[in-house]
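Labels for the chains are A, B, C and D, by order of writing; each one numbers its residues from 1.
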Amino acid sequence: MNKVVNNADDAVRDISDGAVLMLGGFGLCGIPENCIQALVKKGVKGLTCISNNAGVDDFGIGLMLKSRQVKKMISSYVGENAEFERQLLNGELEVELIPQGTLATRCMAAGYGMPAIFTPAGVGTEVAQGKEIRNFNGKDYLMEYAFDADFAIIKAWKGDTQGNLVFKATARNFNPLMAMAGKITIAEVEELLPAGALDPNEIHTPGIYVHRIFQGSAYEKRIEQLTIRKAHQ
Amino acid sequence: MALSKEQIAQRIARELKDGYYVNLGIGIPTLVANYIPEGVHVVLQSENGLLGMGPFPFEGEEDPDLINAGKQTITTVQGSSFFDSAMSFGMIRAGKVDLTVLGAMEVSEKGDIANWKIPGKMVKGMGGAMDLVASAKNIIVAMMHTNPKGESKLLPACHLPLTGVGCVKKVVTDLGVLAITEGGFKLLERAPGVSVQEIQSKTAGKLIVEGAVPEMVY
Amino acid sequence: MNKVVNNADDAVRDISDGAVLMLGGFGLCGIPENCIQALVKKGVKGLTCISNNAGVDDFGIGLMLKSRQVKKMISSYVGENAEFERQLLNGELEVELIPQGTLATRCMAAGYGMPAIFTPAGVGTEVAQGKEIRNFNGKDYLMEYAFDADFAIIKAWKGDTQGNLVFKATARNFNPLMAMAGKITIAEVEELLPAGALDPNEIHTPGIYVHRIFQGSAYEKRIEQLTIRKAHQ
Amino acid sequence: MALSKEQIAQRIARELKDGYYVNLGIGIPTLVANYIPEGVHVVLQSENGLLGMGPFPFEGEEDPDLINAGKQTITTVQGSSFFDSAMSFGMIRAGKVDLTVLGAMEVSEKGDIANWKIPGKMVKGMGGAMDLVASAKNIIVAMMHTNPKGESKLLPACHLPLTGVGCVKKVVTDLGVLAITEGGFKLLERAPGVSVQEIQSKTAGKLIVEGAVPEMVY
């Protein structure tokens, strides 16, 4: 039951060209930095990436975009990325934009074995095009399908050797949802602990969802929008 | 005189009621947090997974793991809680958030809103806006009455791709406060010194004016 | 934002005849003991109770059954209760039995604003009668609707004045799901703390879902099946 | 000689593989936990919200907040985790549990199972059984080969109301081990000293016997 692998290279060893990946994080917050670097190093191509955002030019998924590894992005917001824009406008990159709550719930649906969910997000907009609309109690909902991803690659704060995970603050975001949703789930953690070190009441992601885990290193944790107030405000 | 962005935020803050859970969008809506009336306690929701958002951190106290939906570094207040994005949008979808304030490019007299896409321009994505407008019980739009070209943003029907349909309840602009009613935009208040006539001339959608329209007091 | 009420009587003050209630707990584990007693005392009648079980003859929901306050039970398992059986066989009580996972997920659906969910549980059985069946990827699923309950009455381990909750061990069960699902949610807790006392990373139920909270008293926490091993086994 | 309930559990335990997540039903299945082979590490799931279920507590160490799905007091092992019932059945539905062992009143040669309701008798409810059988990847039924009246419980089709359809993969009874195959019950192993003929005579459903059927070794 020991799910520990040596490092990011080992964790992503069998991700091959054309794979569908989920990548946790919101902006640059809570992203699997080590695995992204390992994927860039590995040079795997033609990836479909399901991730709320696409990183920035020189960090996060932006690094994979720069090295032309991404065929398609499925995201809710892809701003802040000039290289992304260039590839998209040149037709080198496909993008599917979906509402953030729909993105989150389609991950959850996969993790919960629910093939589809209903949400009102996007009713009456171009997001609804081609989708089944259904009325419940006088309100229209779109039927949206669970994601089907080969790998979920996520980042947690603490984890144990059995794959149990705990997230910190808003670095939680999509990570526990994607953890549930991947056929193979790879978790990198800031602190890897022996089984039993985490309080079973406080575990966010039970180990059953996690297939590989390792302690990451050299986390940059870049801040995208440093916003501060003056001491005398 | 037309309101400043700060004043628009200040006016919207008067809509807050004690005990409200509130989601504030990026831009003018974010400023609303600076004007929460005395004695009114609200909890701010950030859709990336936080209830109980506090002010920006002091320098050196920023935490890269603690950001808002605009990716800005923030703090928390006492009684806050973190959760994943599915629960976050679950509570939005279930109508647990009492008030949502967001910006818009266009609002129609039927309450439709367009705020995510301009054809021909690079699209950045809708983020959580479509989820919010489809589910929130009470949506107030904060925006300028006209665009930089001077064209009305309050229209009979939106020209831009929609974010949501028939969802906006109220619009607070630099010129006034308008409720979406069955007949169109009902003018509730004027900015100080702004005439009904001026508002009429800058409102392309149907404007309803009943009796004397009070002037806002600042 | 202070949601604290004085006691169980105060918390259930406006529950009236014919109300639809969700009651947390699994067997006698994690049940809202104080509120059940207050409901018995109040004598409110004709209730529909959504709860995984129906208590035992002299405890839990069994107390409400004994005083004939329950018109209908919606549960997954109602054994261990002679009075329940008597009322059911006499036609004094309606019962709707639904699979436990369906029960849990219909609560979650209500809390997540999803009008319906799909589950394979019950396909090909009498549970499927009259329900919409839909095939996804070659497998049949039943469409099941979100519950619509007037009140959710739940029990937590710790809570704060803003309604944030933490559950202990398997006393969690249906409690956080029902907490999300009630139009009005009433939480009784073993320990009520000031806002800020709970770690925001470790909260199971954010306060937004909870409308009333109070510190319960005199918890019996009865054990339904005391099972022990010998020291020398 | 026919197997005891303990021996049925012991035989099923041999199906466990290292790293399995396993859900054990009430009755004989619960006993499987006592026979987990040396060197095989499995994690027991209890559908009321626990991964990492341990043995029953020592006297005085029982915790009313810590029970299994049979409402028995239990303990946890290192690396355990608690969660709510929706997540619990979510992981079951998503096929994360590798093996489910449960009892049955009847099993059909097509893998249908009936184990929750007898018409005319008080119905207690299906609990989590319908969810488990509808979703588990690998389901083993543990039961006696015949009912107290001596009638076969392995049938061409179930008489009792179904719990699930075409879901059982294997049946371990006091007389043998049978796989559900396209053609019917394929006899894999006999209990020590039990003849194929006896099994045939007590199996109402189609029995497939290919070559010599090995005897179990205890």
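By our rule, a contact is a pair of C-beta atoms (placed from the backbone, for glycine too) under 8 Å apart; a residue touches a chain by one contact, two chains touch by 3 or more.
Worth saying up front: this structure is predicted, and the values here are computed from it rather than measured.
Chemist: Between subunit A and subunit D, which partner chains are common?
Modeler: Touching subunit A as well as subunit D, we find C.
Chemist: Provide the C-alpha centroid distance between subunit A and subunit B, rounded to the nearest whole angstrom.
Modeler: 28
Chemist: In whole angstrom, what separates the CA-based centres of subunit B and subunit C?
Modeler: From the centre of subunit B to the centre of subunit C is 37 Å.
Chemist: Averaging only over C-alpha atoms, locate the centres of subunit B and subunit D and give their separation in whole Å.
Modeler: Spacing between the chain centres: roughly 56 Å.
Chemist: Just how far, in Å, is the C-alpha centre of subunit C from the one of subunit A?
Modeler: Each chain's C-alpha centroid was found; their separation is 33 Å.
Chemist: Touching at least two other chains at once: which residues of subunit B meet that condition?
Modeler: If we look for residues of subunit B contacting two or more partner chains, we find 76, 82-83, 86, 90, 92-93, 135.
Chemist: Specify, in ascending order, the residues of subunit A that touch 2 or more different other chains.
Modeler: Where subunit A meets two or more other chains at a single residue, that happens at 105, 112-114, 119-120, 167-169, 200-201.
Chemist: Treating touching as the only link between chains, describe the layout with one word: line, ring, star, complete or other.
Modeler: Chain contacts: none of line, ring, star or complete; other.
Chemist: Please list, in label order, each pair of chains that touches.
Modeler: All chain pairs meeting the touch criterion are A-B, A-C, A-D, B-C, C-D.
Chemist: Quick one: in the complex, what on subunit D touches subunit A?
Modeler: Residues 18-19, 21, 41-43, 45, 51-52, 76, 78-83, 86-87, 90-97, 135 of subunit D touch subunit A in their complex.
Chemist: Provide the residue numbers of subunit A that touch subunit C in the complex, in ascending order.
Modeler: Its residues touching subunit C are 105, 112-120, 136-137, 139, 141, 145, 166-169, 200-202.
Chemist: Touching residues of subunit B toward subunit A in the complex: what are they?
Modeler: Going through subunit B, the ones touching subunit A are 46-50, 55-59, 61-74, 76, 82-86, 88-90, 92-93, 112, 122-131, 134-135, 161-166.
Chemist: Using the touch definition from the top, list the residues of subunit C that touch subunit B in their complex.
Modeler: Residues 1, 110-114, 160-162, 164, 180, 195-196, 198, 200-201, 203, 206-209 of subunit C touch subunit B in their complex.
Chemist: So in the complex, which bits of subunit A are touching subunit B?
Modeler: Listed in rising order, the residues are 26-30, 52, 75-79, 85, 88-89, 97, 99-105, 107-108, 119-127, 157, 167-177, 204, 221-231.
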